[in-house]
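Below, chain A partners chain B and then partners chain C, in two separate complexes.
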Partner chain A sequence: MNPTVARLTVRGLLGRRRGVLLLVVPVLLLLLSVLVRASNGQDHDIAVDVLGTLALGTLVPLLGLIAGTGAISTEIDDGSIVYLLAKPQPRWKIIVTKLAVAVGCTTVFAALPTFLAGLILYGTTDGLAAGYGLGALVAGAAYSALFLLLGVATRHAVVVGLMYSLIWESLVGNFVHGARTLSIQQWGLSLAKAVADPGVIAADVSLPVAVPLLVVVTLGATAFAAVRLAGLTLAGEE
Partner chain B sequence: MATISIDGVSRWFGNVVAVNDITMQIGPGVTGLLGPNGAGKSTLIHMMSGFLAPSAGSVTLDGQPIWRNQQVYRQIGLVPERESMYDFLTGWQFVLANAELHGLPDPGAAATRALATVEMEHAQDRRTGTYSKGMKQRVKMASALVHDPAVLLLDEPFNGMDPRQRLHLMELLRRFGADGRTVLFSSHILEEVEQLARHIEVVVAGRHAASGDFRRIRRLMTDRPHRYLVRSSDDRALAAALIADGSTAGIELDGQEKALRVQAVDFHRFTRLLPRVAHEAGIRLYTVSPADESLESVFSYLVTS
Partner chain C sequence: MSVPSEAAAATPRTGVIHNIGYRNYTGPRLGRGYATRSLFVQSLRGAYGLGRSAKSKVLPMVLLAAMCVPALIIVALAVSTDADKLATDYPSYLSNTSTLFGIFLAAQAPVALSRDLRFMTVPLYFSRPLTRTDYVRAKFAAMAAALLILTGLPVVILYLGALLAGMDLGHNTAHALYGLGTAVLYSVLYAAVGLVVAAATPRRGFGVAAIIGVLVVSTTVAGIAWALIGGPTGSPSANWAGLLSPSTLVDSLSTWLFRLPQGDGPSWPPSNGAGIVFLAEFIVTAAASYGLLLRRYRKF
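What follows is the complex of A and B.
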């Protein structure tokens, strides 16, 4: 961890109106939860629907995308990354710091709101809120690492990230069950299931599959991002 | 004392060759990297600053490879051409962050010193996003100087500067060169380079066209045949008077353009001769324009010679 890199990343992420955007989405989720609870009372099916589809299925990948790519791709696009890289700092340290900031961001703006939405919708009953909260936390970390890698590896990080999250996880995952094995969202759900009381949350991927995959993807993406950053090339601007 | 060695370096992007088998050494003092736009200057500087791998050959600093070697940045200060530099930071915060990233023992003192060197203390509490081009350039300089590097690399540092800022930066670079630092800057303007650099490396179309003392480069550039288009009140009489002098190699009466095409051999002598001859013969000059003064043509002359 490098405090200077962390400071620059946080200010870059939360400044420039992006901070407001990051806040708007979770606030909408919480408002919706309050409305749903007020009109339907404590309803298990509705709670699972809102938390699974809106929180874990939308808010978490969206925040992971904004935080993961935003933590580095803006600097690479505008060239200011030069000031970080023309320094005797190990590249993995820069990546790990930026990942920590992105994970912190998804925790505050996605995992915590998911947990709170769970509490609003379903109280502490059956460990539903805690399950989805933890699932969101872990999925958020994995999304951050994956999208941070995309931010280093491609200039079209947001597009590629959206394609993964929308097309692969949502669309393909909906129709082809096998595709869910390779879905961060499903791994998070698997963890949520394990934490909540038995039978409360359904998940397609078993825990012994989900946990190793989560670890491998998170660590692998981080390591690969560090390697890519060490060989970052500035094309001639002439 | 630090020396950058570029040894048989080529760099291509796909099938476009940006730098073609260049070998040069950049030692202490101020060196100017001169060449027209698109000649490969930035590509060379990117390789010298570790942001681009050479496709062939090696780029080293005192024997150490620069590519994928973060430790070289203890000795290199880099002033990139692009302007973005964390616009949300103030000048002070920006330079301080650079000092911290270098792991300096007292980053605050280093930042203060660097900002004083470039005389930017007065604006250090303003956000860099509000700076003028010249001010940004100076703060970029401060960030490159903050760790007191032996090598300073500047990519087109004078672009967009007003004359006063230009003079100030030149003075600064001259001082660093005199201190024994290795200062390299790129430019596409000969006058700029020759005012500042003792040593000039000329790059044209990716190739190393010339190298040496600024006088030698200047001579190479001015000794080539210059072509002028001249219109006057009596072209024929002027032509007769000019051809009598040794500084003129050939004159053509261009009936279509209603002008003289003059080829001068001795640039300095011709520029003095023309107004004098015209004056003595009572001829009025309407137009004197160089026909081939574009940088590209000056440089391509250097390559072919």
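What follows is the complex of A and C.
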């Protein structure tokens, strides 16, 4: 961890109105939760629908994508990464610092709002809010690590990340059941299921599969990103 | 006796500009219309990565293939099983694949606009006869045309396949035209939404995420609102939720305009009056986006 790198990354992610833009979706989620609670009361089906599709299914991957790629790929894009790489800092330290900032960002802008939305929608009943909150936290960390790797590995990190989360996780996952085994969203859901009371949340991937995969993907992506950054070559705009 | 050196004898001379015969161009100039058309063609080619590096062709071509391959599979299945109708209707094929051309829009709308903003090339365009309106018009038309190619091609493939399989000509022609109409609706609205967001940010990555965020979050919210108002229990008024997102708006509008069977989810206006409201929202959104784009470029 390097405080200066962290400070610069935070400023790159949240500076110049971008922080306000990142707040739009969490605020929308909370408003919708208040609306649902006010009109339908404590409704399990709609609570699971809102938390599953809007929070864990949309907000978390989107924030992970913006935070994970935004932490590094914008710097690689405009070439200012060379000033950072020229400093006597080990590359893995830069990656770990940027990952920590990205994870913090998803925690504040995605996991916390998910937990709060759960509390608004369903109170503390059945541990639903805590389950989805923890699921969002862990999934957000895994997304951040994966998309940070994409940010180092390819110039089209955001688009590739989108194709993973929209096409693989949503479109393919809807039709091909096996695709869900390799979906960060489902791993988070499986963790949520384990935390909440039995039968409240449905998940397709079992916990003994999800946890090792989460750990392997997060650590593996971080390590690979450090290796890629160590041998980074800068290219011009295509 | 001293001989004056040549240098001293010659009067000191300053530089002279010789007229070596440069002439101004006095022939006909191609003018604004030509410049606008060129910008349109360049932007349209740029959306598919034509005339650019091989790397930037990969993504649009992969998405074009992803749009067309399912249509080819459907046609192949229909031909091989000797079916008398296709497995999917033309407009519903587009609503099922809206994620794909949403990603295309998110990836390519910033390519059309953000790069000019970031490298400050916009003022260079406007130092030519091209006006701000021409620029916006050319970019808008190019993005809509690029999306129309992406959405229209699978419809054409399905239609040709249906004809090859010897299916009912009248029914298929009518529905293929409905499909093309839906493709036009999608192209115009998506291009409008995508370009407004892309014009707001010079950072490409952020623009991509913002466009897809608008599309996906609004669709999810529309679905939840539909469930909230009582869609699953069959309440027709739940379909007002279709107004909340571009994809459900176009889906509902094409169902109403072309009198298609009502699908699941927020995909049809509850009445004719509602249909007019949906149409009005479509027109207002597209026109407002165009106006916003014009305003964005007025200050350059």
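Methods note: the second predicted complex is superposed on the first by the 233 of 238 C-alpha atoms of A that agree within 3 Å, B and C clash if a C-alpha of one lies under 4 Å from a C-alpha of the other, contacts with A are read in each partner's own complex, and residues count from 1 in each chain.
Heads up, the rule we're going with is that a contact is a pair of C-beta atoms (placed from the backbone, for glycine too) under 8 Å apart; a residue touches a chain by one contact, two chains touch by 3 or more.
In this text, all values refer to a predicted model and were calculated from it rather than measured experimentally.
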Partner chain in contact with A:V27 - chain B first, chain C second, else both or neither: neither
First (chain B), second (chain C), both or neither touched by A:A202: neither
First, second, both or neither for A:V215, with chain B first and chain C second: neither
Partner chain(s) touched by A:Q89 [first = chain B, second = chain C, both, neither]: first
First, second, both or neither for A:V158, with chain B first and chain C second: second
Touching partner for A:M1 - first (chain B), second (chain C), both, neither: neither
Chain B versus chain C as contact partner of A:V176, first or second or both or neither: neither
Shared contact residues on chain A - chain B and chain C: 237-238
Partner chain A, residues of chain B touching it in the complex: 13, 18, 37-43, 46, 49-53, 68, 70-71, 73-74, 76, 78, 80-82, 84-86, 88-89, 94, 97-98, 100-103, 143
Chain A residues within the chain C interface of the complex: 18, 21, 25, 28, 32, 35-36, 39-40, 45-46, 49-50, 53-54, 57-59, 62, 65-66, 69-70, 73-74, 77, 155-159, 162-163, 166-167, 170-171, 237-238
Contact footprint of chain B on chain A as seen in their complex: 2-5, 7-8, 11-12, 15-16, 78-80, 82-91, 230-238
Complex contacts: residues of chain C adjacent to chain A: 52-53, 55-56, 59, 66, 99-100, 102-103, 106-107, 115, 119, 203-206, 208-210, 212-213, 216-217, 220-221, 223-224, 227-228
